[in-house]
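In the two complexes that follow, chain A is the common piece, with chain B as its partner first and chain C second.
Up next, the complex of A and B:
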């Protein structure tokens, strides 16, 4: 039976809906202590003193730990994937409100919580910087010195730099932009902005460290177990095999739970007190851990008489907050797609990662792409309007076709951009007139398309174990956080081995058992780990055939594996281990031009079409219809793929219409689900989700990832539709009713007063 | 959480005696849906909670006598939602329940809790105030009754003494009065409202009579809009009248800026939704966009 392409339900659904699935939140170890974090109340300040006496005096408190206590255990207690800039607990300085300053440990979590409220810290307050463009100036400097991690060659030049907030500047030069702009018929320029928002997984961050005897075990809700092992071993100066990282199911990740989050803290605490330590954050505390970059994007295009874009200059400023996290990667890996999926001869890109005094920013379902698409697809629509060309025709005129080089110089192989656009136009019946409404209710429609490169170069390793009865187990360090990777890998392995996917068991990440994987992020797993699983299964199949030959069976025998084992070993014994690594090739961008002809192993493509209704009396926007389309190659499981598409679109809908972290003098004023509004079920519009017919020739059975692709087009499609409906253009997210209302009033020449 | 005492009196009298006239850390708990959140957030730390679940069952009943509907303070919001008398006499109340939180909360939250909490964003107070409801209050010093809107003295503040309890809310016969409630959420559909507008009025010979106009959520407490009522009384509900009523309300209401929107924006919403509420009550209103 064909296993690939089957619409089977996710393997774990029954366990999840019956409440039996395993999560780190449920874990309790004998003798375990609970930690409660005491957090900074100022955005930028030197620590004068931390008063912990009252907390220590609370009955039941085991101890109170500060950054200085950690420094006694680890001389350089700083971590981070790109920069070693983040202290396990604040040292010397605090750089954002909510930064962890101390931890209370107690065997009763309520006692720890109460005691943490009794800690008091004094700071010498420093001026703070919150805006990404303002942070370009070195007037207020968040870090005295830059400390790149050394793992990335393109960050080396930043080592030891002082007097700057620029954690990375990425530049790309293609053709001659200045000359082309001078020759262009029209030059059009805009600035777009996005807000700070966050992942808000329904399972907040949680980790448990067990100091063990010579081997430290970390149980954590994390998307990158292999990285955690490497980084924790580095912090302690240990070999990797003294650190064991175990990850059960995740209640959502979305890019929040990548790299080290709580793991260094619980590990240090567990080693200090020689007892297992658990820290589980509240929903509210998530607002102080990791967020999505606010951005400012200045985009300028030169257009010829024929409606072709001849030059584009992109300046992107990424507000990375107080610690770099993966921001510098976002700045470069997403930065080079800033001109959009268009065939443009002359391109400049300047992309800057900036430190500010906000909660750090990292990867959030799209790794910076939704911020870029927001700007370039709003810009594209505005150009089409200005030229009086239909927005779909204008896109078709400029679109990047198969194998044409993208800005970086890498060809767009297996990237069905035009097909995605066509699918959206067809579903919206773009050729037919829209009922535009009347009176105070006006309707409009808009489209947007985007694309993304995969993070590269990265490695995935898989092991397939066929037992003597033929039953098979798959070992990978990919984290299933709801995206369905377990199911997809079972289908891939089953296809190769001619089993049923449901019969394959998946072992969840345990770095003592499961092999290395770079991480479950950037929609890379289906392609990278999927390929590794396919190769490992092929290896197992070849070994089974060898076994059959040893057992004296003819080549091509259809004896089931159990029979082969029995024939070979005389009883139900032995096993076959297939293993494989998958590492795609890669060429790093030229240091001068930023160009590379092999910058990504595959491209993700996604787009959206929206029909909206605007209440002109209130500015309220109702999405009447949302069409999502992607190229995900040949889907392994079309049903799961479509739910990834709709899930991503709904998430982006929140970032488009309502979600925003509000800041007052560095304080987040809406750090709760009551005040920070994600879409509820009644906000979900009628949606159509289409997987266009395509194939990723280098992917496992023609497939590639799509976990993020559904986010790309949503925001600009809606802004474009609003413009179409009522003639106002929103340049900044989120597009709340009040924002639209104010724009309408400004358009009428009677702007609404501020308060 | 710091340990506290939980007592379960068997009668209203006992419950009142367990409250403390001076001590604000001693409180009644009805459904606990509001109180538990305050305790979790650390804004309320009790020394004693007086659970009202065991008091006489009459305080949970919904009854009609002489046209007046009496809702016991311990009735759950779900009981209110499903009550046949409520459905027949006060359809606006039943409709308001549809977007009032969710079934899990409605199953445990009590009418008394919804009224006593004092959060201006709640739905029941403006609807009941527009229906001319009166609250019955019992305390050590005896019983009293107040028009509902007079229960509120500020943001999360009521005129209840620390040792008083709401026992019931009474709604006079509505005869042919018309009513509507508009809950305006500015962000997601399940957001706390940026504005609530509730109206009721008699309608005869093409004119509005004895209107009650109540604003909530945008103001620090549920407030009756006397100026708007004056404009509407005796007038035909045409565009000009409704615009004047909207202007009068927008000028009079003490509207606050908060996360749901600026005061300027909410004043505009009030103008629009006052008109829509009247039209809705008359049965020819356009539905608000988010409901």
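Up next, the complex of A and C:
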């Protein structure tokens, strides 16, 4: 019925425009207590004592809970997807400012908040490390001992090291880089850096735990309900069926709300006090939960006479903050794409996940890729300039084509790199000369392209339930946080079953009801769960046909399901349940070389082109035009896909031009929307968004994920355009007017003194 | 120390006792209205937008007791007659949101915007809605939605 490819509005639009959409934020349960977290004020220190007496004495306070109280309930109260390194509340040591140390519980949130301010903690302060490169030395060690979690198949190789801040080091060796660099016509080397920034979903982290009677129910704003269930059950030593995790709509996620965030804390508290407990963070507290990795990337390339890159060496240092979260996977999964979408024979990659005394870092829309593209596409532009080759031509000469092996050895199949590049060049009318401005206002343009591997090996399970009247319900644990997964899955199931997408109902994640899914992250849902939904719908279709045969209906005729049920059961009765799992194949990278010919089930490709205007008197950068293009295969819902592309690009524009967490002696000094500037409606430049024509042959109806692809090229495209306009190169994000002005003054030989 | 306040809530006269430190968002939650949401808590994002005597206010910074004797309208009232408002429908038709957390604020501000500027230019829209933020960055679609609503 051509349900796929239709531009239908999201299924939940009415609930959202009327303010009635269900968010965890709205939930209140009878007898519920509110928790307010008391947080560490030092970046690194041994806990000497926690004074809670004054807080306990506040009328209305139910109790004050510290890490030691949690330890009485759970002997080893540490959690994490890669390492079991994060205590539910600080134990013995604190490792970053803002780390949860104690919680006040009260039935009035204001009382809890007031009482939390009366808690006092004393620490024996320890020296702290903030910089990822400095953390390579074991002078200051954040964790005495590392405890690998062993949960995920792709992280089974992590080691229990001591005396180091390196949570994971990933190394890839392909060809002979040293020899190729020695032979190269030119060797060019740069170091790029990115800043710490964060997701800032408008629904701040919130979770409610209901201790129940033998079954603990957790209502949470989380992207990984299945993981939460597994991890909470592990902490308590329970079977999974004693934990129920429910997730309604999310007010934004962007990778912040993956794995366990508040869930272990509210669960432990609810079991301690035997009452439901809710913790809802403030916007300020989000700055102490999870962030995006700051990075340092040293990149060195050898180039031949013909303008081909013959060798590339990449050293990437990921600043993971105090707890590893999913940083080790970022280090490895993103790490092997560090040389960029280029066909290079000799490659070395050394990628390090480091602990420091900052707010932890994890996944943020792109899973490390935007940090890498920032470096390799700035570097690519600089090489093209040095060689005097047009930057588009230089890229065309070097990009990976269909089925050529990427650095890891996995072929680039169904990755429309050349098409994305061509689309951007065409829209920018790259062949035409640009009006470069005059006087103090100069114009320039730049492009950048990037790519990403999807996550593997992972499992997604879907159930399609056709009721006796033919109406259909779809059960998945995918979380719709605005990306439109509910709608896309309805379209996929409807396409298979020959129904109308709008008539299919989606049941939101409830681990008592919806089957396992690895998580809503890394743009994996449309491909992985989308395939599971397609298979489950095919299963249901086959069962409906079997039912028709049993009912004696002639084969090949298309009876509506309601008639089939009626005929078979004599009335409106029965169900058909289609179910399926989707698990793509995977080969772990070789322990020695880091190579694998099957590291990902599909590739994402995204790029951007920018035209900018720079005011040489102020350093102010105005983006005159931003072109975004991605390969999303055959889009299931082009309208929703385009808004994903646009939203990702604007978000990345914030990370490019303004957003940065400011740190002073480990304290975040701009932890509010007033001081941390995200893009507003006036900051959106004229934009064009293009879904290039492509097909992912292994995807559901040719589709693949794209929620992150729009972020890839934005930052370097703008830096390249600034260079083009005024001849200065920015090596570190964000690119504020001050940064550009300082670079301009340095270029004129009149550098400004440091502030 | 409770204070009793009387006000009109979405067309109905109501009365309640509330402490003076609570804000308008908390007051509305007591009436099971969750469309006004506290996000930044600083008057910067507009997620908590509520109309008080037909003027948009930030519910996070507006004390509950201030509505005494006034008329309060929330997003939940816009379809009281059964059908969506023109603005709501335009937001749907233009896909002007993703997660939807900011949407009630944008919808209410757009109602006020269209009263002030029945035929707004892009600049009018950007200026008027600059006090509302959207982390999903549905801004281009929001601008389209406002223009569509104005045309209708």
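The rule is simple: the second predicted complex is superposed on the first by the 745 of 755 C-alpha atoms of A that agree within 3 Å, B and C clash if a C-alpha of one lies under 4 Å from a C-alpha of the other, contacts with A are read in each partner's own complex, and residues count from 1 in each chain.
By definition in this document, a residue touches a chain if its C-beta (ideal position, glycine included) is under 8 Å from a C-beta of that chain, and two chains touch if they have at least 3 such contacts.
Remember, predicted model here, so these are calculated numbers, not experimental data.
Colleague: Please indicate which partner A:252 is in contact with in the superposed arrangement: first for chain B, second for chain C, both, or neither.
Modeller: second
Colleague: Looking at A:555, would you say it contacts chain B, chain C, both, or neither? Reply first, second, both or neither.
Modeller: The answer is neither, since A:555 touches no partner chain.
Colleague: Mind working out whether A:435 is in touch with chain B, chain C, both or neither, as first, second, both or neither?
Modeller: It touches nothing on chain B or chain C.
Colleague: Quick check on the superposed pair: does A:19 touch chain B, chain C, both, or neither? Answer first, second, both or neither.
Modeller: After superposing on A, A:19 lies in contact with chain C but is clear of chain B.
Colleague: Looking at chain A, which partner touches more of its residues: chain C or chain B?
Modeller: Here the partner covering more residues of chain A is C.
Colleague: Check whether A:110 is in contact with chain B, with chain C, with both or with neither, and answer first, second, both or neither.
Modeller: Once the two structures are laid over each other on A, A:110 reaches both partners.
Colleague: So, does A:736 touch the first partner chain B, the second partner chain C, both, or neither?
Modeller: The answer is first: A:736 touches chain B but not chain C.
Colleague: Taking the superposition as given, does A:670 touch the first partner, chain B, the second, chain C, both, or neither?
Modeller: In the superposition, A:670 touches chain B alone.
Colleague: With both complexes superposed on chain A, which partner does A:679 reach: first (chain B), second (chain C), both or neither?
Modeller: It touches chain B and chain C both.
Colleague: Looking at the overlay, what does A:617 touch: chain B (first), chain C (second), both, or neither?
Modeller: In the superposition, A:617 touches chain B alone.
Colleague: Just to be sure I follow: which residues of chain A are touched by chain B in one complex and then by chain C in the other one?
Modeller: After superposing on chain A, chain A residues 110, 674, 678-680, 682 contact both chain B and chain C.
Colleague: If we count contacts the way the header does, which residues on chain B are in touch with chain A in the complex?
Modeller: 1-2, 42, 184, 186-192, 257, 259, 261-265, 268-269, 272, 289-290
Colleague: Can you check the complex and tell me which residues of chain A touch chain B?
Modeller: Spelled out, the residues of chain A in touch with chain B are 110, 113-114, 117, 613, 615, 617-618, 620, 622, 654, 657-658, 662, 669-670, 674-675, 677-680, 682-683, 736-738, 741-742, 752-755.
Colleague: Where on chain C is chain A touching in the complex?
Modeller: Touch list, chain C to chain A: 21-22, 29, 33-37, 39-42, 44-45, 47, 74-76, 78-79, 84, 88, 91-93, 95, 97-104, 107, 125-127, 129-130, 132-143.
Colleague: Touching chain C in the complex: which residues of chain A?
Modeller: Answer in residue numbers: 9-10, 12-21, 23, 25-26, 28, 110, 199-204, 249-254, 282-283, 481-484, 639-640, 643-644, 646-647, 650-651, 672-674, 678-682, 684, 687.
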